[in-house]
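Below you'll find the structures, each written out as structure tokens.
Shared between the two complexes below is chain A, which pairs with chain B and chain C, respectively.
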Partner chain A sequence: MRQPRLSAFQCALLAPGAILLAVLLVAPIALMAVESFRPFVGGRVGAGAGWTLRNYTELIEPAYAFYFYDTFRIGFIVSAIALLLATPLAWQAARTKRRAVRVSIFGLLIGLLFMSLVARLYAIQMTWGTNGPLAFFGTLIGVPARSAGYAAIQVAIGLLHFVVPMSAIILIGTFQNISPRLEEAAASLGAPRWRVALTVTLPLAAPGLLSAFMIAFAMCISNFVVPLILGRGVVLFTTNLMYVRFSDVANFPSGAAIGVIMFALAGLVIYFMTQLVRWVSPEAQS
Partner chain B sequence: MRMPSSTSTALDWTASAVFRFLLAASILFLILPVLVSVVLSFDDRQFLGPFPPKQFSLRWYRSFLDNPAYLDGLIVSLKLAVLSTVISTVAGACAAYVISSGRWRGRDTVETLFLSPKFVPTVVIGFSILGFASAIQVFDPFTRLIMGHVVITIPFTVRATLASLVGIRRSLVEAAISLGAPPWRAFLDVTLPLARTGIVAGALMAFVLSFDEVAVSLFLSDAFTQTLPIALVAEMRANLNLTVAAVSTVFAAVTILIVFFLDRAIGLDRVIGQGLYRG
Partner chain C sequence: MNGLSRRTLLKVSAASGLGSTMGLPAMDIAAAQQGEQLLVVMWGAAWIEVSRKIVDAYVAKTGDKVAWELHAGGAMAIVAKVKPAWPRVNYNLISGWDPVFRAMIKEDWVEPVTLDEMPALKDIPPVFFQKNAKGELMTVPLSTAGAFWGYRTDLVDKPIESIEQLLEPRFKGKLCVPFPVNLTGLLMLTLAMQRGGNERNIEPGWQFLKELAERGQIGRVINNNSEFINAMSSGETSVAFFNIGAWTQVRKQFPVKIMSKIKDNKGFLFNEGFAVIKQNDPKKVAAAKRLANHFATPAINEQYNWPLGEGPTNPKSKANPDIADVFYTPDELGQYAYIADFEYMASQVDSWAKRWEQEIAPLIRRS
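Then we have the complex of A and B:
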């Protein structure tokens, strides 16, 4: 099947955005990839001459690999909890018969999406931090708010506040696409509600749940500002490491190598996400 | 019809209890910090004391207005957000229109290109643009900030416009063309008005995203051109006082206004449908 070409008018409409992205996204990342193979010369801005793999090999050393491990570990746990908190919200919004309930949940979720994350993180520090009214939570789970380990808890709370509204909005779409008739049919055949949820709703919602999880995970591991504000300097994500390499030691090539790896990882996560969703629901491809 | 057994009823009851608990927990988790920070912003104490405050005043709001670093930051942030929103909305809406107009060779590649900045970590965007800007001899911080903010906002304007274009029937455009309108005329008079809600939602998202951005701005700004979030983050890390709580409260109030505006202008159901955050 031959596909038509674009008219001159369409090309003209496409051009501004395409040029902007070519110049401001593709070219800079290509340049960064080149720089990442340059040797680091201390005391000067930019990279030295010649080629090296050293910027990559040093990241395999345990001291650096640990940052990657920490980023992934916290990101994974947060995404799982986010799913747990977002599902009831989304379900209630998608299935309630009362308009006021639906609009309130929508308003809350959209409001959080639009509200400054910096302001929200500050609010979390005030609420869950050492002096905050919810600081007792740390003692409750055995990590007192004054201990060093609490930084990771705070970062997790901040990330949750960031990804729960997004996951919920994705899941609202998922649940709205599942016909309530199927559940009613199962219930009218005598299945109790927990069984309907487990055997009818869950399998139908699985692709949506999976993609919500993967998007939350991608959002977590690429986040910069949450560990910056709530990490107390104890919890650093790879994103923060990249900034430190650049701002404190002015090691541009090393920062570039971390950037290339993060770019590749983001691509991998997206690739796996599409593959996984395709595998779970082969018919949902169209 | 089979009667449910008593274990089933017990399981049903437990399941619905767990559901209600999680629902309440999640709503409280999302709202509580915002409320705490709003209350604290009116605290009269000079230091950061335990919650709740006993006396209230507007001292932190005054201290925000008295601090030139914040006001300068606010002006830079507003200028930056307006300019990059205009650029990315025009470029994004035009591109979305072409992407949605039927199947053509290379369409998937172009669509992926336009949505891809969303998946590139913002630190990578900030870092790579910094290197690129110095390679092409651009050292003005505001220009660099615009470069970075346009990239991070484009996918949102493209996606929101795409979502609103899906609902427009192609026959309307074809009718206009068959009545003698040139393609650009059909675009201006038929497609654009119909896609308005998506374009507005995308522009709003772009504005908020740019206004709140930290990672990209941290790389691309310098000591003399700072955005408001950068000033706030510096303040938060340096000393914990409640000026930031006052700013947060103002942000929360503006957000509530935005949500009301969105509900009136577009309807919240449709905003959710504009796919602002779908991957």
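Then we have the complex of A and C:
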């Protein structure tokens, strides 16, 4: 069916937002894309004259694939754990009849959102860091506290602080939109609680769960400050590589090339996740 | 209703908008009458603390006002920050060191300084200044500093005589090193020199670094003074290569041996100070030079460098006796000290940073 055309009034309503988006989002990204094809002269600042593909070809090195892989891998694992932690919290907040429990969960989540992330990261560093009281945890699971692997665990803990409250808040809305009568109906027909959760609640919550996962994943892979503070310089996300190029070496074209690749990869991930949501829950397409 | 009505809000907005538009020139006039408003970029930690003390007294005397901005990351980061904004930058003075000054001079952002307008510079030896192609003085050198290997003696079981010993198993995960961009790659240079190389023959340094990374010796890679001070003060790492200013902060709390006089390596000397940034307003430039000159006067140069643990550039200033064991007598200079070719190193830093990412960081990550 052909979509109806937008009226002049609707266009006028959309115009301010569209202009703002063009100025604040499209223009800087376009400028970054252009910059990524410029050459860089060592010892100078920013881009030189002319055009080159070198900023992209040098990223073909296998080492860079590792950075992209590491960023996406840690992001994926953290998002999955965040979902596991956030789902019961959100379900409890949405379903509990006890006001004190609901208020406590909301208080915790909103408190975590508003508390300075940097303060929390340094608290994690002091507690879980190489000399922190919980550093023995690494030894317990066979990852020495001074190793890079342990730094990756610290980064994951830092990211969880960042994404668990966000995921839980998204999921509270999801669970609130699922009628409790459906769960009660299943229970009245003799289904045990676990079966109600697995066969009724979770399938109905699937679009919300995937949305929460997608947002958590996007927040993880684009994060800069968590690997910067907790990564000890040995766990580097692609955002850290970009920062070094823009800020420390003043090689803007190379930093821009990484940015363009990250932008494309993030777009692909979001596209496939959206397709997955539509496949799992066709009604979400509408 | 107690809330603000739409009409009141519009009135207030219009009034404040008009007020701010008309008020700006008035504020400029007021600033000119009371002195100039300057924006100075400074390092954090001890640098900003001592600078604030110096400037508080200066402001009371001259009427000039100083706002501070701190370096984020290495000092070179300020260059990347200025570039996209140039020439619309508000910085009047930027603290930095030789390679950062070279990059800024190349971009033509720095105002030349003269001995006539800044009399305190007459005392400072000419060798400390960075110059442009015309031979004009382009910087205000305030400190003689250096980068050295060192270690916490309370955390290392027996003394280190040579940095070759850093490959020993006892140092696994205990080394703190700067990212090669930091200190313009002096880490690469010291490692290269250890194996017979130099700035232009850096390959031996990469081989040494690979050995350290493969064996898991590198526990932390730092980007700035604060990260270094945290890593060394917490005991997370016990051996490091970094600048004397940051070492001095650690030495205030913990026993530290700075290896400035080792037989098979060197201490790397450089100068820190101010660059006066070009501005359209000559009054601002004059005020910036006034303030920089104040920092170079004997008493203030001494006050500035004393807590930093760096050497004053003004020969009439006294050096902190605590750093006597670190710096060199004229006889020792040739044997233990090295002044790197920073201009050449600055041109290599980009490729070194990429090589680190491609060859070293993955080794550290997997170790």
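The rule is short, and it goes like this: the second predicted complex is superposed on the first by the 259 of 286 C-alpha atoms of A that agree within 3 Å, B and C clash if a C-alpha of one lies under 4 Å from a C-alpha of the other, contacts with A are read in each partner's own complex, and residues count from 1 in each chain.
By definition in this document, contacts are C-beta pairs under 8 Å (C-beta built on N, C-alpha and C of every residue); 3 or more make two chains touch, one makes a residue touch a chain.
Predicted, not measured: the structure shown is a model, and the values here were computed from it.
When the two complexes are overlaid on chain A, chain B and chain C occupy overlapping space and clash.
Touch criterion met: A:Glu58 reaches chain C, while chain B stays clear of it.
In the superposed model, A:Arg181 lies in contact with neither chain B nor chain C. Once the two complexes are overlaid on the shared chain, A:Leu108 sits against chain B while remaining clear of chain C. Comparing chain B with chain C, the partner in contact with more residues of chain A is B. In the superposition on chain A, contact of A:Asn131 is made with both chain B and chain C. By the document's definition of touching, of the two partners only chain C reaches A:Leu236; chain B does not. Of the two partner chains placed around the shared chain by superposition, chain C is the only one that A:Arg146 touches, whereas chain B remains out of contact.
Of the two partner chains placed by the overlay, neither chain B nor chain C lies in contact with A:Lys97. By the touch criterion defined above, A:Asn251 lies against chain C but remains apart from chain B after alignment on the C-alpha atoms of chain A.
It is stretch 237-245 of chain B, out of 93-101, 237-245 or 255-263, that runs into chain C when the two complexes are superposed. Within chain A, the residues touching chain B in one complex and chain C in the other are 45-46, 131, 243, 246, 252. Put simply, chain C touches chain A in their complex at residues 72-74, 76-77, 79-84, 102-103, 106-107, 172-174, 179, 181-182, 216, 218-223, 227, 234-236, 343, 346-351, 353-354, 357-359, 361-362, 364-367. By the touch criterion stated above, chain B contacts chain A in their complex at residues 1-2, 4, 8-9, 11-12, 14-16, 19-20, 22-23, 25-27, 29-34, 36-37, 40, 48-52, 87, 90-92, 94-95, 97-99, 101-105, 107, 110, 113-114, 116-117, 119-125, 127-129, 131-132, 134-135, 147-148, 150-151, 154, 158, 183-184, 187, 204-205, 208, 211-212, 214-215, 218-219, 229, 232-233, 236-237, 240, 244-245, 247-248, 251-252, 255-256, 258-259, 262-263, 268-269, 271-273, 276-279. On the side of chain A, the complex with chain C involves touching residues 40, 42-46, 58, 61, 63-64, 66-67, 70, 129-131, 144, 146-148, 232-236, 241, 243-252, 254.
By the touch criterion given at the top, residues 3-7, 9-10, 13-14, 16-18, 20-21, 24-29, 31-32, 35, 45-46, 84-89, 91-92, 102-103, 106-120, 122-128, 131-134, 160-161, 164-166, 169-170, 172-173, 190, 192-195, 197, 211, 214-215, 218, 222, 224-225, 228-229, 239, 242-243, 246, 252, 255-256, 259, 262-263, 266-267, 270, 273 of chain A touch chain B in their complex.
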